[in-house]
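Letters are used for the chains, namely A, B, C, D, E and F, taken in the order the chains are written, and counting of residues starts over at 1 for each.
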Amino acid sequence: MTKQPTALDLPMVDPLPDDTQKYFDICQEKLGLIPNVLQAYAFDIDKLNAFTALYNDTMLADSGLSKLEREMIAVTVSSINKCYYCLTAHGAAVRALSGNPELGEMLVMNWRVADLDARQTAMLTFAEKVTTESAKVIEQDRDALRQVGFSDRDIWDIAAVTGFYNMSNRIASATDMRPNAEYHAQAR
Amino acid sequence: MTKQPTALDLPMVDPLPDDTQKYFDICQEKLGLIPNVLQAYAFDIDKLNAFTALYNDTMLADSGLSKLEREMIAVTVSSINKCYYCLTAHGAAVRALSGNPELGEMLVMNWRVADLDARQTAMLTFAEKVTTESAKVIEQDRDALRQVGFSDRDIWDIAAVTGFYNMSNRIASATDMRPNAEYHAQAR
Amino acid sequence: MTKQPTALDLPMVDPLPDDTQKYFDICQEKLGLIPNVLQAYAFDIDKLNAFTALYNDTMLADSGLSKLEREMIAVTVSSINKCYYCLTAHGAAVRALSGNPELGEMLVMNWRVADLDARQTAMLTFAEKVTTESAKVIEQDRDALRQVGFSDRDIWDIAAVTGFYNMSNRIASATDMRPNAEYHAQAR
Amino acid sequence: MTKQPTALDLPMVDPLPDDTQKYFDICQEKLGLIPNVLQAYAFDIDKLNAFTALYNDTMLADSGLSKLEREMIAVTVSSINKCYYCLTAHGAAVRALSGNPELGEMLVMNWRVADLDARQTAMLTFAEKVTTESAKVIEQDRDALRQVGFSDRDIWDIAAVTGFYNMSNRIASATDMRPNAEYHAQAR
Amino acid sequence: MTKQPTALDLPMVDPLPDDTQKYFDICQEKLGLIPNVLQAYAFDIDKLNAFTALYNDTMLADSGLSKLEREMIAVTVSSINKCYYCLTAHGAAVRALSGNPELGEMLVMNWRVADLDARQTAMLTFAEKVTTESAKVIEQDRDALRQVGFSDRDIWDIAAVTGFYNMSNRIASATDMRPNAEYHAQAR
Amino acid sequence: MTKQPTALDLPMVDPLPDDTQKYFDICQEKLGLIPNVLQAYAFDIDKLNAFTALYNDTMLADSGLSKLEREMIAVTVSSINKCYYCLTAHGAAVRALSGNPELGEMLVMNWRVADLDARQTAMLTFAEKVTTESAKVIEQDRDALRQVGFSDRDIWDIAAVTGFYNMSNRIASATDMRPNAEYHAQAR
């Protein structure tokens, strides 16, 4: 925790507020690490809290999308944007949640080689279009999701996860954010 | 408020919780409208609150960037992504905050035609690169910001605003979110 | 008329030939302004006349396309090319001719959000393809226009208007041509 | 002259007006052919005349650019846009005017391999940028032309020729215009 | 053979081994020239032999693709990559093998204008996709080839020829390899 | 060895010629696997031998580039082209040869985040340009390599390795070639 997690000289608030310290302690205990993205935001506790709240709602709240599916979108978007931080952290998450290390590698490298069913293919096709040419999304694209069983609420969630990583990929790359080294060997 | 603000069938919670209703009433009173983006999120109050908290921190909290500068980034990013919702709402904000209707139009149409000083040119140059090819950002790009006087904290904020609109542009376009009609004639 | 309408030092012929002066006087009387593009060309009367003749034939002569439709193509092409001059001048024309300010804004920002019928959707789809990847146009693209009722003569006119703005967008951007300030507030 | 020069069913006016017939006769006599582009426009004599007037002014009127230089721009632009008609007709023109068949081939295939002086390199660099990303042209690009000796009037002409072929490339490709077969073997 | 065939200072082995000299003599006798690509590789005989063996197998061995079809792929790929060396040498080969000079020109300039049957259209459509976005190739693309009669072995060969020119185009452009002047006038 | 290594139905020659069988046995003994790319080519022994000879010369022969540097180019090129086969196989090679698992990951994900010296930065910058826009390579690009100490022979080798993977990436993706599963866990 002494080395800066980004290329910017923005040290963490010291000491951290009690709530933040407690949150970081839980991370350390449960994950074996405090994700660098949290340390990066901890120069300003309001920003840390706002980011964390949106992250938790997007990735962990109830949804028609499983947690694995949300991580699959995260990695697919991050692969298009070539974000080292997010590919490392969320690639590990896909490997762990799926119990399928090759799936994590495939999504990092080229999602089209993964052996996906119609639902997940439609989901990632939409996420890719929203990432690369969002202005061209039309009703037909949403209907393609409905046709494989996604509800309008699910479509919102696919859009929200896709949007979230298009934000965090850019913040990470713009600041040269580095992932915790522990991710690399996880769930191989 | 009876027409859906997006192409998705996601009606607002009814009745709205007291806090949310109060917030919407304040919007109506101060802005003369309740931004459709808030109505769009109001199918799920946790999501609304998470989005609003991050928006308020990003656009309104203390920063080395003025509110106008943050709106200028918002419009520049939205122009690259061709997001109708954000161009309409934030184009109006630039017109209003700057008192310069042409500036708002220029940023909507092509930011390079605007007559900007070195600081703002560097800021939008960085925002553009982070939007279109974030994986190619290198230390030299951050140094270009430092050379026109931005602090590392300011660089974080430029990255954060740029990231935020790369998220919200995509959520808006993916769901066909429509801006309130009132924006079009404001501050012309 | 004393400030140069472009970044090039190319003053108007002085005095203007009688015919040109008369044409400019008519513009002033009917439009309330002399379009800067005409002033820009007026350093060479032969060039002004050749440009004006092609413009008038393309945009005003008899055609299966209405004047509004031709302006819609003009704005759609100019949005792809991000031409400040043409978006400003022809965006105003779409607002005025359609009596629908939002339509003008939509075409400036992202034509796909406009609520168009099959004919106009096909027309702008073709104009977009001719603008961005003309070498890939094949017979199937022309047939898509025929299927919504366009004649071969109409197809020529769509191609000609699309081509014209791909020319004038580039001349305007290459010379930093600036629109008359009056356009911004028109027909809002 | 019996086969349509484009994929559109737009027969020439029959009989042609005397002036047009005379112009075509001169073409036949001097060039050994009537360029198909003229035959393509001859379904409407006003359009033919407007196109011809702009073509002649752009390519043949007095200019600081030689006729060969204007043809070099024509071929470079047409190579970027992959326009079969214009590459064939103007590739032949570069071969003939330069007396250097390889130069014509190089500009058709990849202008960067041609052995050009600083002036012509700057000219084609500008034409390429105006063709592919006109919205990014800034004063520095015009200054690069001034530094190799181009006047502001010359810069206008480079922009005008570049713009012209960005128009005619698109009209030709949109209508599947075919070049006269005679061009292929000329000046090899 | 005294001038370097590339921008690199890599003279041929001198004297050439007997086998190589004999091979070059045969080229001179049969083709009237020693292709510069062979002279370029001849600074290292192992590299020359490895390149030549793969070239000969790819372009000349038994295949369900005719030699002309393989040359058509070569030119189409080289047109996308704008490789001067390969367009010149293989453009001449298409002209010669087809007896149709216009076909060679069309493939150099824009393969879509060539009047091809369904088989060759499918073949070049696949070669184009493999060249420009190979990561997006899916089973459906291979099936499109099977549907016009290509066997799996033929599909391999289309991929192999396409791959080969994506290699040699890049080596040629990276080293500024120049074609023998004799190609330009051949088979016009 | 019973499952096809690609999506094409092209079984290996059976039995394999003695030389080939011996080569495969050596692979099995030394690498613990027979690379699927060799099994894919083994439907035609001449093709297998031609590919293998070029591969061995390119990647293993004497060169001013180390074997690790050649693998670094392989992975960088394959990352741009998003080739699953080559990223998996050569990503493992970078991890193994460098003893630095993170370096392998960085090159797979985004080479710009790797902490490289001036020589290797120049090498990958050139490889990237040759991969994405080879037609724009000019003498200045080669000079940038010379300035960090590369000889003309080294430049050839950088071009050759870059070219080779632009070939093999495309053949692999066009045929849906799958890497041996063993690579994933190697050298983590």
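In this text, contacts are C-beta pairs under 8 Å (C-beta built on N, C-alpha and C of every residue); 3 or more make two chains touch, one makes a residue touch a chain.
Fair warning: this is a prediction, and the values are worked out from it, not measured in the lab.
Engineer: Moving only from a chain to one it touches, give the least number of moves from chain D to chain E.
Structural biologist: The distance in steps between these two chains is 1.
Engineer: Given the pairs C-E, B-F or B-C, which one repeats the contacts seen at D-E for over half of the pairs?
Structural biologist: Most of the contact pairs in D-E are shared with B-C.
Engineer: Roughly how many whole angstrom separate the Cα centroids of chain C and chain D?
Structural biologist: It comes to 22 Å between the two C-alpha centres.
Engineer: Between chain B and chain D, what is the gap in Å from one C-alpha centre to the other?
Structural biologist: Taking the mean C-alpha position of each chain, the two centres sit 44 Å apart.
Engineer: Rounded to the nearest whole Å, what is the centre-to-centre distance of chain C and chain F, using the mean of the C-alpha atoms as each centre?
Structural biologist: 51
Engineer: Residues of chain A that touch two or more other chains: which are they?
Structural biologist: Within chain A, the residues that touch at least two other chains are 82-83, 110, 135, 173, 176.
Engineer: If two chains touch, include that pair; go through all of them.
Structural biologist: So the chains that touch one another pair up as A-B, A-C, A-E, A-F, B-C, B-D, B-F, C-D, C-E, D-E, D-F, E-F.
Engineer: Which residues of chain A touch chain E once you look at their complex with the stated criterion?
Structural biologist: Those residues of chain A that touch chain E are 110, 112.
Engineer: For the complex, give me every residue of chain B touching chain C.
Structural biologist: 79, 82-84, 87-88, 101-102, 105-106, 108-110, 113, 173, 176, 178, 181, 184-185, 188
Engineer: Across the complex, what residues on chain D touch chain B?
Structural biologist: Within the complex, chain D touches chain B at residues 135-136, 138.
Engineer: Mind pulling up the chain B residues that touch chain A in the complex?
Structural biologist: Where chain B meets chain A, its residues are 7-10, 43, 46-47, 49-51, 53-54, 57-58, 61, 81-83, 126, 130-131, 134-135, 137, 139, 142, 152-153, 155-156, 158-160, 162-164, 166-171, 173-176.
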